[in-house]
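Paired with chain B in one complex and with chain C in the other, chain A is shared by the two complexes that follow.
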Partner chain A sequence: MPVLSQTDLYAAAGALLFCVGLYGLVVRPHLLHKVLALNIISSGVFLVLVGIARRVPGDVPDPVPHAMVLTGIVVTVSSTAFGLALVKRIYTETGAVTLSEAGDPGE
Partner chain B sequence: MSEAFVSQLPALTIATLLLAAPSAFLVNARGARAISLVAAGVETVFAFALAVSVAQGGALSYDVGGWGAPVGIELSVDGLSAVMIALAAVVGTAVTVYAAQYCGRDERYRHFWPLWLFLWGSLVALFSSNDIFNLYVCLELVSVSAVALVALAASRPALTAAMRYMLAAIAGSLLYLFGVALLYGGAGVLDLGELSRMALESPAARVGLGLAVVGLIVKTALVPLHFWLPPAHANSISPVSAVMSALVIKGSFFILLRLMTLLEGGQAVPGLPVLLGVLGAAAIVWGSVQAFVQSRLKMLVAYSTVAQIGYLFIAFPLVDAATVPADAAAAVSATSFHALAHALAKGAMFLAAGTILSGVGHDRIGELTGLARRMPSQALAFGLAGVSMLGLPPSGGFVSKWLYVVTAIKVGAWWWAIPVIGGGLLAAGYIFRAVATFLKSAPSAAGDDAADRTSAGAMSWIPLVLAMLSLAVGLFAQPVLDLLAPAALAMVGG
Partner chain C sequence: MTDTAGQASLRTRIAVGAICTALFVLLGSAVFSISETDLGLAPSVAERQAESGVKNVVTAVLLNFRGYDTLLEIAVLMLATIGVLSLRKESAGIWASLEPAADPVLSSMTRLLVPLMILTSGYLLWAGEHAPGGAFQAGAVLGSAGVLLALSGYARPGWVTRVALRVAIAVGFIAFLVIALAPMLSGGALLEYPEGLEKPLMIVIETWLTFSIAVILISLFISSATPEMQERER
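Moving on to the complex of A and B:
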């Protein structure tokens, strides 16, 4: 018996990706990196969901988490497009690629 | 009302706005404005019909597409949902009429109308949802349209504020989604009603609840995760500022309240309710202090929102400390009523600040002397909304604070009354500072004769109407509390 089941492995990898993305979102100042970090976070969540779908006994995975991943991908694609548009607009208006360069006082 | 009509109301309140929004996108600014005004009127009729039928016949549920839970997504409107939908209708209609003058037929603001209708429709969908994944989708719809509305001001501070808001809001949604995934992994259902019937025993489900709560706190801007709120609320165009502070943050709080009560957050994650209460108390102090030192009126009002959010969270330790369901339900009613009272008062304050900003050309508090003579209706609206914010009788703010204090004493946790009462004194500090400046006589008459496009029309009377409503809701609180009571009792498992 392996120590980790396939489900656990997916869930653990997903949680790790989530943390990597969260770290990037907080630490990286470049706005493009921040938008990419959000994508990594969502990939982590989707991987966890895919792992959870395999949790039920039998050969057929649970379709509900799959539906959630599909919906989540649609939401993420749209919010990424919107985020990129916002980054581009900030760049054309101010020439800045980070919030502090763009004159944001921080709080 | 016929039964067939009543059974369709939960869908009609959402469909009206979600159909109006894309229609408003297809036409020019003038057409979009007309569509929005009509949609606001129709929505208000539906929202109040919904509230009346819930008050008379109890909670309504609606199986979208004929599929009920657990397979389908069920809409469910209880007293709390009905109050929030009616509140959104009142504030939403006020903002729409205000914006009709503020944005006019200006093509620059053409996209305000569809985005605002999408935001409003998404909020109504959120208030009617009872499925934790569907709530995630609603949260994202609310966030994306709200961020776009903030960016609409197109100034440099508004764009950076919108960017910061977007990063925080989406990260919050994804934390919530991670929580939903783990809750589903532990329980195997998404419907809140079904989830509430299971004990959250697996560690995965407990961690899931914790993550969902953190995500929702980011979106509700509870101290110390409030960093995105003041710039986003203060730098947007004024109708947007009002909606953001009055309604948008209440959306994520509404989910938080449902999760914490229905899933018994205090038992799943011991210490969490007290932690939320402590952060709420910290928010009251920190937000008030920051509001006091701001030099711009809209920043003052935005930090006042940070403080007022704190009151919402005092409910959690009280629910946790309650030994009988009636006391826990009273705490839920108190926080719900506070959300309502704050929405009306803050809507009035931000719209008044917006009229002042448009009329005077700036909102530097130090230079707003003589405003009480120049724009008496705005100074009055600001002051009356302040009365509710201070929690003086007979305002709406007084009712929620009274409920809090009584419940805190009843459940033997009287110390939670200290931030509730002390917060009123702190609010007095920043509100009197602004009002005292308005009442000072102006040193010169310069600018007094400038053509003042805001001295008449919706921009002058809408803030006053909302401010008076924030007082009236205190005088006529009973019907609202009667509507909230059964919903609150059901949420705490009474």
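Moving on to the complex of A and C:
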């Protein structure tokens, strides 16, 4: 057996994507970057789930993680759209693309 | 926490980077620690698949074994769409304000592609019973056909009224909810399909879900594409 199986590689890449996305979510002030970072985080979660589903021997992967990913993709699409709508509304109301600190009237 | 350029300070970035690296090590080791011999839920699904009424395992999980997840998922989609529609600055009609098509190649290409996409969507819906496919894939294809139409400048037809659009957004969730609640009237449990009727009921749910998901995706896209930002610049 190889030291790092294909499944492990996918799962590790998923964990890496999750952390990269989390870093971006915290560090980047631009709201559009935050929405993108959330997308990267969910891609990481999906990659871990798809990787884990492949552990089952045989041709057919575990269907439960697959169904979860299918559900997750749709939820991500709708939450991204909702996030973008919020960003747009914040921009039209305040002209800012970042969330202002308390007491600070936007940038 | 932020300097004049709006960027996080170097110290914050180093601290967050360190925390994220530590989290990566933790998550990585957690993922690796899952036993190689752990088969997850695959054997349980395979064992009881005959009871589900469909031949495709993913569809069986989505609409039967974990039907609750799917019911809540379509609820989330519907709520997100309601949110997006409510956040629009002006209540300008969805799909009304896009540029008209000037390019004859684009519009005739769209005329060729859209019927094919509708056909593909129908195939995916039908295939979901026994092969990879199902409501979400079919809805995504149907939705992109609508987005393509909108982008190529085909205006919303007159018979698609505001009310019709909102009914279409909700009908998938309503159909699923009615079928999920119906068994409770005769003392059954939520989402307990009557024996022998699993397959026809799942097909009814999937068909309405496909329709709703397509309309939801189109509405989400179109209401994000309205040119409000340019209006602000002017």
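Some observations on this one:
Criterion: the second predicted complex is superposed on the first by the 99 of 107 C-alpha atoms of A that agree within 3 Å, B and C clash if a C-alpha of one lies under 4 Å from a C-alpha of the other, contacts with A are read in each partner's own complex, and residues count from 1 in each chain.
As a convention for this text, a residue touches a chain if its C-beta (ideal position, glycine included) is under 8 Å from a C-beta of that chain, and two chains touch if they have at least 3 such contacts.
No experiment lies behind these values; they were computed from the predicted model shown.
Contacts of A:77 after superposition on the shared chain: chain C is touched, whereas chain B is not. When the two structures are aligned on the shared chain, A:48 is found in touch with chain B and with chain C.
Among chain B and chain C, the chain that touches a larger number of residues in chain A is C.
By the touch criterion defined above, A:12 lies against chain C but remains apart from chain B after alignment on the C-alpha atoms of chain A. In the superposition on chain A, A:30 makes contact with chain C only, while chain B stays out of contact range.
In the superposed pair of complexes, A:22 makes contact with chain B and with chain C alike. By the touch criterion defined above, A:91 lies against chain C but remains apart from chain B after alignment on the C-alpha atoms of chain A. Once chain A of one complex is fitted onto chain A of the other, the partner contacts of A:66 are limited to chain C, with no touch recorded for chain B.
The interface of chain A with chain B overlaps its interface with chain C at residues 11, 18, 22, 48, 52, 55, 64-65, 68, 71, 75, 78-79, 82, 86, 89, 107. Of all the residues in chain C, the ones that touch chain A in their complex are 1-2, 6-8, 12-13, 16-17, 20-21, 23-24, 27-28, 31-32, 34, 36, 38-42, 45, 57-58, 60-62, 65-66, 69-70, 73, 76-77, 80-81, 83-84, 87-89, 134, 136, 213, 216-217, 220-221, 223-224, 228-229, 232.
Of all residues in chain A, those touching chain B in their complex are 11, 18, 22, 25, 31, 34, 38, 41-42, 44-45, 48-49, 52, 55, 64-65, 68, 71-72, 75, 78-79, 82-83, 86-87, 89-90, 93-94, 99, 102-107. Of all residues in chain A, those touching chain C in their complex are 8, 11-12, 14-16, 18-20, 22-23, 26-30, 48, 51-53, 55-56, 60-68, 70-71, 73-75, 77-79, 81-82, 84-86, 88-89, 91-92, 95, 98, 101, 107. Interface of chain B with chain A (complex): residues 133, 137, 140, 143-144, 147-148, 151, 156-157, 159-164, 166-167, 170-171, 174, 177-178, 180-182, 184-185, 190, 227, 230-231.
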